[in-house]
Amino acid sequence: GFVGADLENLVNEAAILAARRNKKAIGMAELQEAIERVMAGPERKSRLLSKRDREIVAYHEAGHAVVMHHLPLADPVHKVSIISRGMALGYTLGLPENDHIVIPRSKFHDEIAGLLGGRVAEELVFGDVTTGASNDLERATELARKMVKEYGMSDRLGPMTFGQKEELVFLGREIAEQRDYSEEIAQEIDQEIQNIVQNAYRRARQILTEKRDKLEALARALLEKETIEREEFLALMAA
Amino acid sequence: GFVGADLENLVNEAAILAARRNKKAIGMAELQEAIERVMAGPERKSRLLSKRDREIVAYHEAGHAVVMHHLPLADPVHKVSIISRGMALGYTLGLPENDHIVIPRSKFHDEIAGLLGGRVAEELVFGDVTTGASNDLERATELARKMVKEYGMSDRLGPMTFGQKEELVFLGREIAEQRDYSEEIAQEIDQEIQNIVQNAYRRARQILTEKRDKLEALARALLEKETIEREEFLALMAA
Amino acid sequence: GFVGADLENLVNEAAILAARRNKKAIGMAELQEAIERVMAGPERKSRLLSKRDREIVAYHEAGHAVVMHHLPLADPVHKVSIISRGMALGYTLGLPENDHIVIPRSKFHDEIAGLLGGRVAEELVFGDVTTGASNDLERATELARKMVKEYGMSDRLGPMTFGQKEELVFLGREIAEQRDYSEEIAQEIDQEIQNIVQNAYRRARQILTEKRDKLEALARALLEKETIEREEFLALMAA
Amino acid sequence: GFVGADLENLVNEAAILAARRNKKAIGMAELQEAIERVMAGPERKSRLLSKRDREIVAYHEAGHAVVMHHLPLADPVHKVSIISRGMALGYTLGLPENDHIVIPRSKFHDEIAGLLGGRVAEELVFGDVTTGASNDLERATELARKMVKEYGMSDRLGPMTFGQKEELVFLGREIAEQRDYSEEIAQEIDQEIQNIVQNAYRRARQILTEKRDKLEALARALLEKETIEREEFLALMAA
Amino acid sequence: GFVGADLENLVNEAAILAARRNKKAIGMAELQEAIERVMAGPERKSRLLSKRDREIVAYHEAGHAVVMHHLPLADPVHKVSIISRGMALGYTLGLPENDHIVIPRSKFHDEIAGLLGGRVAEELVFGDVTTGASNDLERATELARKMVKEYGMSDRLGPMTFGQKEELVFLGREIAEQRDYSEEIAQEIDQEIQNIVQNAYRRARQILTEKRDKLEALARALLEKETIEREEFLALMAA
Amino acid sequence: GFVGADLENLVNEAAILAARRNKKAIGMAELQEAIERVMAGPERKSRLLSKRDREIVAYHEAGHAVVMHHLPLADPVHKVSIISRGMALGYTLGLPENDHIVIPRSKFHDEIAGLLGGRVAEELVFGDVTTGASNDLERATELARKMVKEYGMSDRLGPMTFGQKEELVFLGREIAEQRDYSEEIAQEIDQEIQNIVQNAYRRARQILTEKRDKLEALARALLEKETIEREEFLALMAA
């Protein structure tokens, strides 16, 4: 049965799944999937990373955590780990201080920078980038797209929405959007999304360049202990 | 059973749903959905907003109401509230004085400005904008699109319609429109929609800048009493 | 049963439906729908227009009738009314003198101008335009589109057709056309359609500006009597 | 039963159907449809044309016949008639001298000019054009399109084909072509089709301007006798 | 039963079908179809060509054969015939000397020139082109398209492939390709295909201009004997 | 049953299939297909290559192997062979030294160069290119596309993803991507993919030009022995 560590595992797993899907709360879908993963757990233990891969993962997760820590509206870092879970080789868990329902534009900018922190760390430390950031980049792009198309947060495109949101159920699956705008607007939307992502990347790069020592310290701690909890994380950042 | 307050709740809920869908009357669909919401009511009580969120919602709703009050053809404000209902964190209820069936272009301009009043208030008061205006922006864009494509109200595009309206039922759902015009026309349509929305935004901004004191007074009243009825609203505006 | 006035109602209703669909004859579909409308008649009596709406409808219908009367190839005006029928708030019934099967280009230009007469009247009299012209604009656009794409009546695009007319039955409904031309041709088609509609609008505007007194007289007569038959209409135009 | 005149009617009808579909031979489909038309014949007698429509049809058919007679590769004129058959208000029957299977480019140019002869006659004689040429224009456009896309007969586009011809059966109907070329090629294809049609129009116009007396004589004969057979036609052309 | 000449007929027919489909070997599909054609053979005897059509076919087939004979990598000519088979009015049968599996770019250029030899001969001899080359042009275009998109044989577009080849089975039929590139690439692909086809056309034209006497000799022989076998063909070319 | 050589055959076959699909591990699908191929093995023995084809295959496979050997991040060469297996006329088997899960951008560049080594060798040695590289080019293009669109590895397009990855199951098959970007971005993506492939081609060409002697030696060894194992390969490279 699910007792002690198993239950904690389960909740941890579900929280990671929810974060990965840009959800603020764990839903039934996440719980279901987490149960399957935890029950299939022992098999994953065999997936041992090479030394090089392990270092990349450590600096990548440390990059997320350090950037998030230095941005006012990113969620506070709760835990950082380089233990593989499901498809993820590591994770940085941010938990919101209180449950905001109305999300301001400035918070989106900070969240996107936090998502890009992993890729920036790879580039700074190893001078090369990897496939490890793929899911982060997808989530950052998706947030930037929503800012422009659903929340009217682009000054250039104005306080409007783009793309019909009526959900067409097509043979049992939803197609989320019908394109109802011209090619010129499509191009402006793309430029705005690129601007948002590239500005966030520059901010993340500036933070990690200035706080390189914190990045190194956290990565070393991760390589040693695999998981760093909030208290130890704050101590490292304050050092 | 539905007695007293429940029934009033039910009608309120249905009226909000209808307004959100740009309908002037409550239909069976709204009633049905309202019944489900009211019966599921107690659960929603747990959704308590943070102080910050509550302030944003108050200024947002006050923005709608103050703009609507100062435009000749917007519906008179009947009630303003920051009590959550369904997906809405607050609502401003405008009821038409008499049931106009033929709607003039000038009324559309006023309605769009009213819809944008919430976003304008956020920007003026907090210097930041939030996801809270998403549904307003979608409705404003949709009204502007109909003006240009269905009602021939754009001088630049002329007294014509664009997009075949024959409703194709595709696997049980309607696809509302077939695009029957060139990319150049698509671009002109987009520009006209943007012009309409941006002009309405400027008008809403001018009103709230000039009537900042009314905005503040109404927001404070909402934070204190949560719901302001028509009489008190008129008194605040006249003060 | 259907006796006397009911039967006349029925034919009137079907004639309006047919005209609205650009048909010269009443078909089974129109009869069927007319029967349903007439049987559902008493309910519609409750739809009382406001004074303002009633004036707009009167000038709108008078606009159609006065323009049609002053164009050589538009159908002679048979009846004008501001009594609501089905979705229509009023109607102007034109009946062809004899049943032409081959329709010349010049007649299309006159018919389109007649369709736009309602919108022009609104603009001249009230300085604003309304949603009331929506169906007229759709029919005018459709006629102009057929002139250019099906009847080869655009000098610029030449004596050709555009768009494969083979009717593809897709899941039980016809998609009328496959686009078989380039974006450049699509743009030229749009420009020709716009030219046709805008020229017709100018002609309708010139007629109503010159015959403003007839427009006023007919609108006043409609507001008083609700329906004007052919003889009285001709007397008003000759006054 | 089908005897004497009925049988001749039947073959005539099928021949017109086949020509209208750009077929050189009568197929089962044409026979089937012709039988239905002939059996439904008496009903069509009620479709009496107005004097004006009848004149337009006479000049239109005379236009086809005179142009075809003066072009070396157009099919010899077998019969001209202004008696309505099926959807057609008149017809000009051309029968090939011998059954060519390999069709040269020059013959296509003559056939297209013949198809446009009806529209040209309307324009020359009445100074207006009508919907009567719609099917002719569609067939002319289709032949020009095939020359460019299937037969590689455009010098500018070269000896190639455009558009995948694999016939995709989609829910029981064929979609004849998948577009497998760029927008630029689509534009060049359109220009070549327009050139072919407009050159043919100019040739038809030149012939009918020079042979205006033959056009008048044939139209007058048609208005008097309704149907002109080959011998009488040749006599009129030789007069 | 199938004995003697029938069996040879059968194999001949299947070989032509395979060649027409750009296959190097006869498959079950070709055999099946060939059996049907041979069994339906006597009916086709009634399709007698006119003298003019017969001459066009003779020069057309001679054009293929003479061009193929003078290009190093085109398949050696095995048989030339002007006897109709299935849809083909004549055929030139080339059989590869040994069964190459890896096909070089230079062989594609020669094969395309051979396919265009028929059209070139028509143009040189008659000064007009016909529908007879339609299938040749389609095959030539298809080979050029594969060179550019599947085999990476265009220097300008580079050693890459274009168009996702995953075959989507859509309601029982394969759609061979999803377009996964931009309009600009689509335009470059078209230009490369046109270049390949037009260069091959020029080479075929040069050969037939220089070897006009061989073309005439072979066409005359075909008109006399209808079918020329390999030995006689080689003798004519060597004369 | 599967004993000895059969089993080795089976694993070899599955490894080739997996490599061809850009997979690092053999899955059930590969095993299943490999079993079918091995059981159908004897039939394939009849596919004997011509001398010319055999030489092309030998230089092609030697090209892959020599390029892979001289690039730091390409997988070490395990075996090279010109024995046909399934659809492949030869194969070069690279096995990763240790199982990297996080793949850096620089490794992609080396892998793409290795894939293009076969085509480069054909061009250098024979001065012509063949259809033999088709699958290599497709895999190289696919890797370059993923770098740009899924892994954010293009500096020009930035650390974002392009194309919605939600997999829409459409009538039983997945359509992998919905295009959610403008034509301009599509064009930039194409240019980046072309740049990546062409740079890799240049690197492969430089290696094979400098190591032409190794290429010749390996090709000669393959023509003699058909399969070269790792030890002999290393000896040849070190010679």
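First chain written, first letter: the chains are A, B, C, D, E and F, and each begins at residue 1.
Note that contacts are C-beta pairs under 8 Å (C-beta built on N, C-alpha and C of every residue); 3 or more make two chains touch, one makes a residue touch a chain.
None of the values given here were measured: they were computed from a predicted structure.
> Give me the chains shared as neighbours by chain A and chain F.
Common neighbours, chain A/chain F: none found.
> What's the rotation angle, in degrees and to the nearest 5, for a C-alpha fit of chain A onto chain B?
Result for this pair is 60 degrees.
> Which chain has its C-alpha centroid at the greatest distance from the C-alpha centroid of chain E?
Greatest centre separation from chain E goes to chain B.
> If you average the CA atoms of chain A and of chain E, how many Å lie between those two points?
It comes to 58 Å between the two C-alpha centres.
> Chain A to chain D: how many Å between their CA centres?
Their C-alpha centroids are separated by 67 Å.
> Name the residues of chain C that each touch 2 or more other chains.
170-171, 183
> Taking touching chains as linked, do they make an open path (line), a single closed cycle (ring), a hub with spokes (star), an all-linked set (complete), or other?
ring
> Going by the contact rule at the top, pick out the chain E residues touching chain D in the complex.
47, 49-50, 52-53, 56-57, 89, 116, 119, 126, 128-134, 137-138, 140-141, 144-145, 170-173, 175, 183, 186-187, 189-190, 193-194, 197-198, 201
> Across the complex, what residues on chain F touch chain A?
Its residues touching chain A are 98-106, 150-153, 157-162, 165, 168-171, 178, 180-185.
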